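In what follows, a single structure is set out as structure tokens and then discussed.
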């Protein structure tokens, strides 16, 4: 057993060196495919993050209170709301604060509000929910309470955003699956052609009495090595460029736009394992599967 | 050792072998002769289960070749040393590695490989080309490597398809002396050949095939199969 | 000449049929790569469209006029502004209209404006520019005019949007170039391996006295055919799925979000030519380049 | 027709041919004999510019082979019919297509191809295998296809590396008769062979090579090159 493994590894290394050109071709293919996969992975992870950020700006429920509700009662309501399932925090905003906020929001046009006779804004409570999906339930619980003039929350916006993020996640998964299938097809083809070029060799080995496993061994190890090299190279390339991009972004106008990017350490930590398992899987399975034809008889 | 019972092999409607009955005992030295396309290589391919017989039974030692499951084929082939008509050397391995490969297959220890391979190479007179690749050898040199590979594991049966086809008469006779030696050690030898002179001088059993049929089987025969 | 071409085409067809497996591998690779390219193409074209839509909502310059400027003078100013280079159209919005617009924009909170004593909004002119880049120049020309109280335009927003669209366009081009390079590498590798498997054949042809062009001919034609098939298949697949996606979108919530998608006819009309030229180019060049090695001597 | 001037071919430090001087006239029939690895195939490969000479000049007809630019090599090879020791048939073409291919190369008309190829196939006695692929043929049959291909374009020189190596004596003699016929039509023939009997009976010019050197050149010679 040990002798057989040692033989396989030794032979694989010899083959790799002697068939440099073909191996480079295989490594190239695997690397290219993993690069494309990585590209998509990065895009999807970041679009997701973006959507989540955007979403978090809409996860509030505005509750306008009637003017005759006293401060005491308001604090009571606040406490009660905080116990509702799904509520993260409840903030009290009195009418003066609301006016200030509105002025701020108007920016340069804020002076227009100076002409107001009396403060038209009501007191309000602002609820942040843990999960957007819970918002509806929270609202229906609150509706029954006394002293509430109106409840506002960006239900439709929130729903659309939910739809979009769900769609992006789904599309992302579908794309990644498609890409993985395409990669496997391409790499398997590469390996198949590599093996086809050695069809004669494999035939001869069989004629001399080599068992299928004996023949497969070195090819298998070779596939694993090619997979590891391919995934290593692509992770390195992605790491390098993604780091550059993040650096570029953090000094650019984009920070102002508050576009956050997934930090490269996180990405790499995940990618490296996904890629190495994909690379090794594709490489070794590819070489074994594509040899099946020649080992049938 | 080798037994053919009513064996036929058809390629489409063309019978490469038809209804062959044959028995070769342990330790025999047999020449297989016949014109081009007679079915000699087909005979060997059947014996090694490289192709399947259309009909009949084939036995080699304890194994029934015609019934052998695919995964047992390597066992069959390891019992047999073969010299192919087209050499079949591994193109990406050196002469040394080609011969060593036959020992790797049976998981021989690296030590015994290092000891036995050089002996075999010098036996066929090709020691100085040990580190060359097959495409760097002349045809005769390749043939000798194929012979070295076929005998390296001391097989109980040695089958040689034209082992002297690309050799000059002198080298051919050296190879023949080698085969006789191996035969004396108890190995059964079946040799396909067109070399009239060799067959005539050796005075061994000669089996003549023509158009897929055995037309003669002489215990101390000569080449001239058509009188 | 004719006889040689006829021979090439005939041989190519024969080869294609006899080496079905290998050709399928090549076609698979080309198709896969073109699919990925197409995916990116669609993504980028649509993101671009989205950015442009978003951008067009910000390409206006607001000019607030002093209250003492009469209608006559305003129309004069409007005419003058329309002659400025880069200006697309100038609209006059009087103070009543402005109030109505603002109320609308406030939506449900619009009633708050009912409490206003007098209309705080000034008369204004709204300029739409042809190209966002021209906005600055237009503004500096207008600044000198009489009767202007204030000029507002979303300079920073516009700049950020410009940055983003430029970035997307640039990133898109870079990605497509990278993908094309990767595709060429993969397909060239596939062809290279296909040819390597026929190395012996090519050698024999040369030994018999065939010229390089005579040997290349059939391979070249074969490459072209493979390219055409590969690009045809991928265009068909993309057409089918993109149409489905557009159909799904037009019945979905996405319309509400006013996410426009590039119509599939437009896309396909462009893609089909790009793909066929890419496919044929990759196929034929790939086969010729990868044969160079074997035809050197 | 063929002229070697001080030609040497070194593989590393190993001289496959050293300082060969040789001249073969138009219409001659020459046997090239010598032990395995003597340099016979090297001689042929040099003549066809498959490999480059390390030293010396080689002429074939009007062409100086050693000076020939690469793009002119096809012209050289079209003037020469060659039977390779390892046949070199195109594996994905049928027997018919293999022979026709040699005519395609020189842009022969489809009509003349349809007329000439069957003639050549029947000349070597392989007509019934016209639609088979090389791997479906016996070694001797492949060799005969190679011979048919080499003569199809009526070359001015025919070079054959062991054209009878895989043939039984009867078929071998048929091929020899064919070569003599072709020779009588004016084609220069150089034949590498180990077939002692054939060389002895034909009584043609025999050039003996050993370890890369020409050791004899007899006008009406026999095979026994080492006295």
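All chains are identified by letter, namely A, B, C and D, in their written order; residue positions are counted from 1 within each chain.
The working rule: contacts are C-beta pairs under 8 Å (C-beta built on N, C-alpha and C of every residue); 3 or more make two chains touch, one makes a residue touch a chain.
Values in this document were obtained by computation on a predicted structure and should not be read as measured data.
J.: Tell me, please, which chain's centre (mean of its C-alpha atoms) is farthest from the centre of chain C?
T.: Centroid comparison gives B as the farthest chain from chain C.
J.: Quick one: chain A and chain D, Cα centre-to-centre, how many Å?
T.: 67
J.: Roughly how far is chain B from chain D, centre to centre by C-alpha average, rounded to an integer in Å?
T.: Chain centres of chain B and chain D, defined by C-alpha means, are spaced 28 Å apart.
J.: Approximately how many whole Å separate the CA-defined centres of chain A and chain B?
T.: Taking the mean C-alpha position of each chain, the two centres sit 62 Å apart.
J.: Mark out which residues of chain D touch at least two other chains, giving numbers and ranges.
T.: Nothing qualifies.
J.: Which chain A residues sit where two or more other chains touch them?
T.: If we look for residues of chain A contacting two or more partner chains, we find none.
J.: So how do the chains connect up here, line, ring, star, complete, or something else (other)?
T.: Looks like a ring, each chain touching just two neighbours.
J.: What chain pairs are in touch here?
T.: After working through each pair, the chains in contact turn out to be A-B, A-C, B-D, C-D.
J.: Which residues of chain D touch chain C once you look at their complex with the stated criterion?
T.: Listed in rising order, the residues of chain D that touch chain C are 48, 50, 70-71, 73-78, 80, 82, 84, 88-92, 101-102, 104-107, 109, 149.
J.: Hey, which residues of chain C end up touching chain A in the complex?
T.: Residues of chain C touching chain A: 21-22, 25-26, 28-29, 32-33, 35-36, 39, 108, 112, 115-118, 120-121, 152, 159-160, 163-164, 175, 178-179, 182, 185-186, 189-190, 192-194, 196-197, 199, 252-254, 256-257.
J.: Note which residues of chain A are touching chain B in the complex, please.
T.: 3-4, 7, 15, 18-19, 200-201, 203-212, 214, 296-297
J.: Can you check the complex and tell me which residues of chain D touch chain B?
T.: The contact residues of chain D facing chain B are 11, 33-38, 40-41, 85-86, 136-141, 143-144, 162, 165-172, 194, 196-197, 223, 226.
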